[in-house]
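Inspection log for the structure reproduced underneath, given as structure tokens.
Lettered A, B, C and D in written order, each chain numbered from 1.
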Amino acid sequence: MSNPKGKQAADRLGVGFVGSGFNARFHMQGFQAVRDAEVRGVWSPNADHARSAAALARDLDIGAAKPYASIQDMVADPLIDALWLTGPNHSRLDNLEQIVHAIESGKGALRGVACEKPLARTVAEAQRMLALAERAGLAHGYLENQLFAPQIETGRARIWARGAASTGRPYLARASEEHSGPHAPWFWRGDLQGGGVLNDMMCHSVLLVKHLLTQPGAPRASVRARRITAHIASLKWTRPPYVARLAKDFGREVDYAKHPSEDFASLMIEFETDDGQSLIGEASASWSFVGAGLRLSAELLGPEYSMSWNTLESGLKLFFSREVRGAAGEDLIEKQNAEVGLMPVVANEASAYGYENEDRHFVRVFLGKETPRLTFADGLEVVELLMAAYQSAEQGRTLEYPPPDLDKFIPAVARGTWKPP
Amino acid sequence: MSNPKGKQAADRLGVGFVGSGFNARFHMQGFQAVRDAEVRGVWSPNADHARSAAALARDLDIGAAKPYASIQDMVADPLIDALWLTGPNHSRLDNLEQIVHAIESGKGALRGVACEKPLARTVAEAQRMLALAERAGLAHGYLENQLFAPQIETGRARIWARGAASTGRPYLARASEEHSGPHAPWFWRGDLQGGGVLNDMMCHSVLLVKHLLTQPGAPRASVRARRITAHIASLKWTRPPYVARLAKDFGREVDYAKHPSEDFASLMIEFETDDGQSLIGEASASWSFVGAGLRLSAELLGPEYSMSWNTLESGLKLFFSREVRGAAGEDLIEKQNAEVGLMPVVANEASAYGYENEDRHFVRVFLGKETPRLTFADGLEVVELLMAAYQSAEQGRTLEYPPPDLDKFIPAVARGTWKPP
Amino acid sequence: MSNPKGKQAADRLGVGFVGSGFNARFHMQGFQAVRDAEVRGVWSPNADHARSAAALARDLDIGAAKPYASIQDMVADPLIDALWLTGPNHSRLDNLEQIVHAIESGKGALRGVACEKPLARTVAEAQRMLALAERAGLAHGYLENQLFAPQIETGRARIWARGAASTGRPYLARASEEHSGPHAPWFWRGDLQGGGVLNDMMCHSVLLVKHLLTQPGAPRASVRARRITAHIASLKWTRPPYVARLAKDFGREVDYAKHPSEDFASLMIEFETDDGQSLIGEASASWSFVGAGLRLSAELLGPEYSMSWNTLESGLKLFFSREVRGAAGEDLIEKQNAEVGLMPVVANEASAYGYENEDRHFVRVFLGKETPRLTFADGLEVVELLMAAYQSAEQGRTLEYPPPDLDKFIPAVARGTWKPP
Amino acid sequence: MSNPKGKQAADRLGVGFVGSGFNARFHMQGFQAVRDAEVRGVWSPNADHARSAAALARDLDIGAAKPYASIQDMVADPLIDALWLTGPNHSRLDNLEQIVHAIESGKGALRGVACEKPLARTVAEAQRMLALAERAGLAHGYLENQLFAPQIETGRARIWARGAASTGRPYLARASEEHSGPHAPWFWRGDLQGGGVLNDMMCHSVLLVKHLLTQPGAPRASVRARRITAHIASLKWTRPPYVARLAKDFGREVDYAKHPSEDFASLMIEFETDDGQSLIGEASASWSFVGAGLRLSAELLGPEYSMSWNTLESGLKLFFSREVRGAAGEDLIEKQNAEVGLMPVVANEASAYGYENEDRHFVRVFLGKETPRLTFADGLEVVELLMAAYQSAEQGRTLEYPPPDLDKFIPAVARGTWKPP
């Protein structure tokens, strides 16, 4: 932060988006609640998408956003102070390399880069992400929204203050992210995405359980993974009718008869702490959950207390009878599965899932007002845990953590060779 | 909006607070999510309070707020574009008179004034509030947070779009605001506050039920009150142990043996619509509700659908066992009544109750970017409905609406002559 | 109890049903959990219905039930010890007259008669019911299931034991019964049923709120109605599409364009107690509520505690996506309104709504093992309250209770002359 | 059933209890809703306990129960037709041996024996239980209450009928049983109980997940365990303050510094089906969960549907403020952990947890009216799964199922040699 490399400290952070899809648009919703930032640019390999996302930003009145022809152009523009990397997983590293190249070749400067989860698809890629950011002297932030969800922030603070302080630290954290499957084709392809639902969604959980178990203010290394056990399965999407549906919806490139990804993952991490205790983190991720819509949930348990979080208990419920004919949509909740019956509504998803707080935090970080709570180093740790989980699942056994040669490992799902059990 | 009277259109709205108490601090929380506004000033008759509230604003980094010695000084400062009136009910009119006097005597100018609910304590006062604002050419906004609660905004929109559009308009709305009693002494005194819980809390409900029953986009007058029936009672706070507690907590000035206010109110409004239908609004308000904490709830029902809202179903629950000893507080929820057992937590109350959206809206209104959704005219209508409700309760009968001479009416509770049934 | 008039005290009570419809079948479900009773007979004016209901009782293995040709035959059969009156409201008095006539003419004897709510359609009829039972020396029980719902029994006991004992009696009770409309045509006809939803469903609430407010063990007269205010309305079923639907479903005899019944009722009762306190009971009843299904709910509030009951929070939720095509049914919940989306399921409705406990209690009463908790005198009081409520609604004002000439009053809805406001 | 060995078919089944503790008393509550059975005897090694439990049965009016001096005496009494084995785990086999010995030595006869879960502590013991019952020609029933919980019965039926029938069978079942620790000392001792919470509580889950995944009507073997992975841990009760509390509450015999049992267990079973599909069952059990009280929960998920069950969402909630001083108790819920705050109440636990339906079923089985849904063979299968789970947990790896030599296995916890990780 101390060295903005040629861009002046400003009142407001000029933000550019690399990526223009679902995730970028979620962040744009979030920026409506962020003071001190202007969304000024969008780059996408698809120029139409960039134009459309920039128009959305202007409509939301979060900045005079315009499309850029290249990442390099955004770096070069003095109006752009920081970039939010929100493209698909397989572009992450290439995007950052372009950024760093532009900086190192003197085209421009940035105060920082924020990268959407997961940081990368393999440990090797993630190490490269961190090394690039550090080499270029960039402030870096890791975008894990769930840690910023208001209920997680508040719940964790109260549990530690009221419960753990007087009766002892929590010993069990659970987290899960479950929905009925992602929106875009590349998510479904192990070769592009780097895996299936374990990679896509459990990146949230592994960090969340560790975060909940860590005393606020204590170093992250005060809670360390010691053993890891994971399972992956294809429960739904390799059944023939669903193989056919994927082909119909996403084209021949998504062929789950030949190259399936896991749609269910279960994980247990045994942790040890600085004060010699054993803790447990349980995580679950699913693309084969059919409820009202996306369900984020977590629990934190200790000797005389417990906490539970569930985004589907949202305080707002609508009921439509069988007489109401309505078009399928996502106006009630992300990944919505019905339009009649009782339906919980998450009224402001950008707030509920943590985007508002997250984007506010990293804006303030890049303005020099706050210390980053999550950096690429956290993103790297998450990838290490996920790759160990894939190893455990492939070998069908519990692994001491870290297993050897993590940085050479590529999941069978990513290599296209996975056979569901 | 069209005539900012000498202050330049600026990027950011300079906001000053008249009042420094509980409500002002809630709005300050809300401004953390508001772009394009700077909280620059606070005035309170108690200079220490003003200093403390200004310090809070600076801590929250929502502007370089400083205390002002007078309302006139805030009006005079070109950095202040708009004022948020958040003082106690009995100061409302005096505060606005000072503002208008300062403007009319050329001391300064303002783009607008936003006034916290209720607009005034009587119809006569409310009429005077509206007249003053209009005479001074001030843009005016009425701060009814519940209409801006994300769940109300989203729920109402979806119900009308999915349910009413195909099966007919809703016919019944219910709303209630219930808690265990207010924080500051003046709330408890009918002479200062203008009434008891009916005045304090049902101002929310009467507008909310009308709002839910009104088609989005249709004029407010498309749904008109026709008959009104209200009851008020003292259920808890005139019981001797609670009379004693009030005296202990708030001093001799709050004497519920002699001058009680109602702590329970129930209201039914029969509405008629432009298209000739009869609708019903039910409202309930309580200072004698003892649950986890403040409970805001509403329902909207129509021929093939229903909506329900309850802030205590917040998605986050903490449990503390009987072994956990914790100090009484309000860290879990506003007006919290226990520290152990299962406790719902409202993680971001400023968002959940609508302050963030509300403050964002009126900032944008005063910047000329949006049309006000609520003005002092709405505030006046609310006071008219509340006064009619007091009349109905005092007379023990249903009244045609509007009853005659509403503008001369002062509730018995406000006059200190009310005897609970 | 002391004088079973010629039938021997037996191990098991022989039960006969007068009526064979929805309500009788609900009780039969309940008898599966009742020891010491055998369902041995069913009479209905429709012999096929009687045969079918008797077959159901045998299938449920609750007794060797057979259809009877007349009420007199059931009274005459020594195997029948008690009758459960479950026929339509307009047959109630006639049914009992036949019973008493059979007894008085020496055809047979009974230990007791249990009568489904409401006891009668008018105060005059209800007085006659009570007089007949007493003249014939019959033990009598009033079947108000909600007082026997396990959650009401337990909740009331715990609230009074833990809350009221140490901090004072409760002061506010609320109850409501809401669904989307009854099953059989006669319910919809004011002339047969005696009214609309106020008569049909609020008979539950008025007794429930009084019961909750009464100290366990104290006489019922320790809590007395003092003032009463009611509203009735037609919110849904006089809208033209719904008038048409009633005609289609139930035939020309149900003509809501000409002879509507209220589908919404709201009631406030102000009570006074032996110890000089003022309490409030609020009740709501609806045939215009469209949620998952029947919703029974109640609250009881006191100075430091509260209780809430909602049958739709049943602990079991099913979700079916928009891909699931299912026939409309009532397999998830009574008066079910959808087959997809999130649906709460009441797994054992006969238990949840109180039928099991209720039937067990009255069996034991008629076997001489327990004192009746509810008699026709309670049923009469309920009718008095309901008729006062209709008077209040018709006159649009609060009434001192009891109003004069209650025993001559017949609601306009029952006379077919009601015009919705 | 076909051969009641000398006792006459009777109207009512005469039931005797072996055991007089917590579990026996729960069943006695359940028998209040069971027709056709009389509880006539209780035997306990502690004669006072037997007397007290028999008195409870008489108070509940479920039969003229009396204490017996020996198991043999109960078998010999012609009034006793069937025995319910509800004693502690370490007495199970001895109890049955006495029964069989009495029968085989001609002292008396029985129609059947119902045995509380778990059937035994090891596979060898369970095999012996089954062999004894069969040798004596006894009808046998395995008492797993959760399969009879109304919500499980109804939920499973509706999911299969509405969801699986049209979109495919479910693929994932989850179940958990969590509370803050058992009541009696022997539960805590691995040597007596056979293990810790895995043995005590997961016996419910392993059968429940299999049951939910099995098509109603299909043979149990249509879903077969293929692989199993378990973890056990001591999260709470080996922390020094809790070691001390156990010693204080239960005496020196419960020494968790030296001989702890696991208080947390997690299990994944991979199943295969007759139609070649892979399914997953997840189970969790805890004595280290501190919420309102006992929490039973389950989920069942399939391609277009899901089901969730949670006993703490009971429809009845009480709130007591911090002003209410109440003695610790279990009047709100089993294993209650607080007396103030929001507390869910399970109004009729004997119904909610399945005891009523379970006892009714086995009474009817022994009267020859129904086919047993669960026999000792099911109990044996449960023990096999649990022992495989312990093996997996001890070895820290996934096991193919069944692993070799299951019948020789005794868990380290039962041998007193377990060291928590």
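Assorted remarks:
The definition used in the following text is that a residue touches a chain if its C-beta (ideal position, glycine included) is under 8 Å from a C-beta of that chain, and two chains touch if they have at least 3 such contacts.
Everything numeric in this text was worked out from a predicted model, so none of it was measured.
Of the two chain pairs examined here, C-D and B-C, it is C-D that is joined by more C-beta pairs in contact.
The mean-CA centres of chain C and chain D are about 38 angstrom from one another, to the nearest whole unit. Per-chain CA centroids place chain B at a distance of 54 Å from chain D.
Once the centre of each chain is set as its mean CA position, chain B and chain C turn out to be 41 Å apart. Taken residue by residue, chain A touches two or more other chains at 290-291, 304-306, 319-321, 337, 339, whereas all remaining positions touch fewer.
Chain-to-chain contact here is organised exhaustively, every possible pair of chains being in touch. For chain B in complex with chain A, the touching residues are 32-35, 61-62, 149-151, 153-155, 158-159, 161-163, 166-167, 304-321, 323-326, 331-332, 339, 345, 347-348, 351-352, 356, 360, 364, 369.
Residues 180, 290-292, 319-322, 328, 337-344 of chain D are the ones touching chain B in the complex. Within the complex, the chain C residues that touch chain B are 168, 171-172, 227, 229, 231, 233, 235-236, 239, 241-242, 264, 266, 268, 270, 278-280, 282, 286, 288-291, 301-306, 337, 396-398, 420-421.
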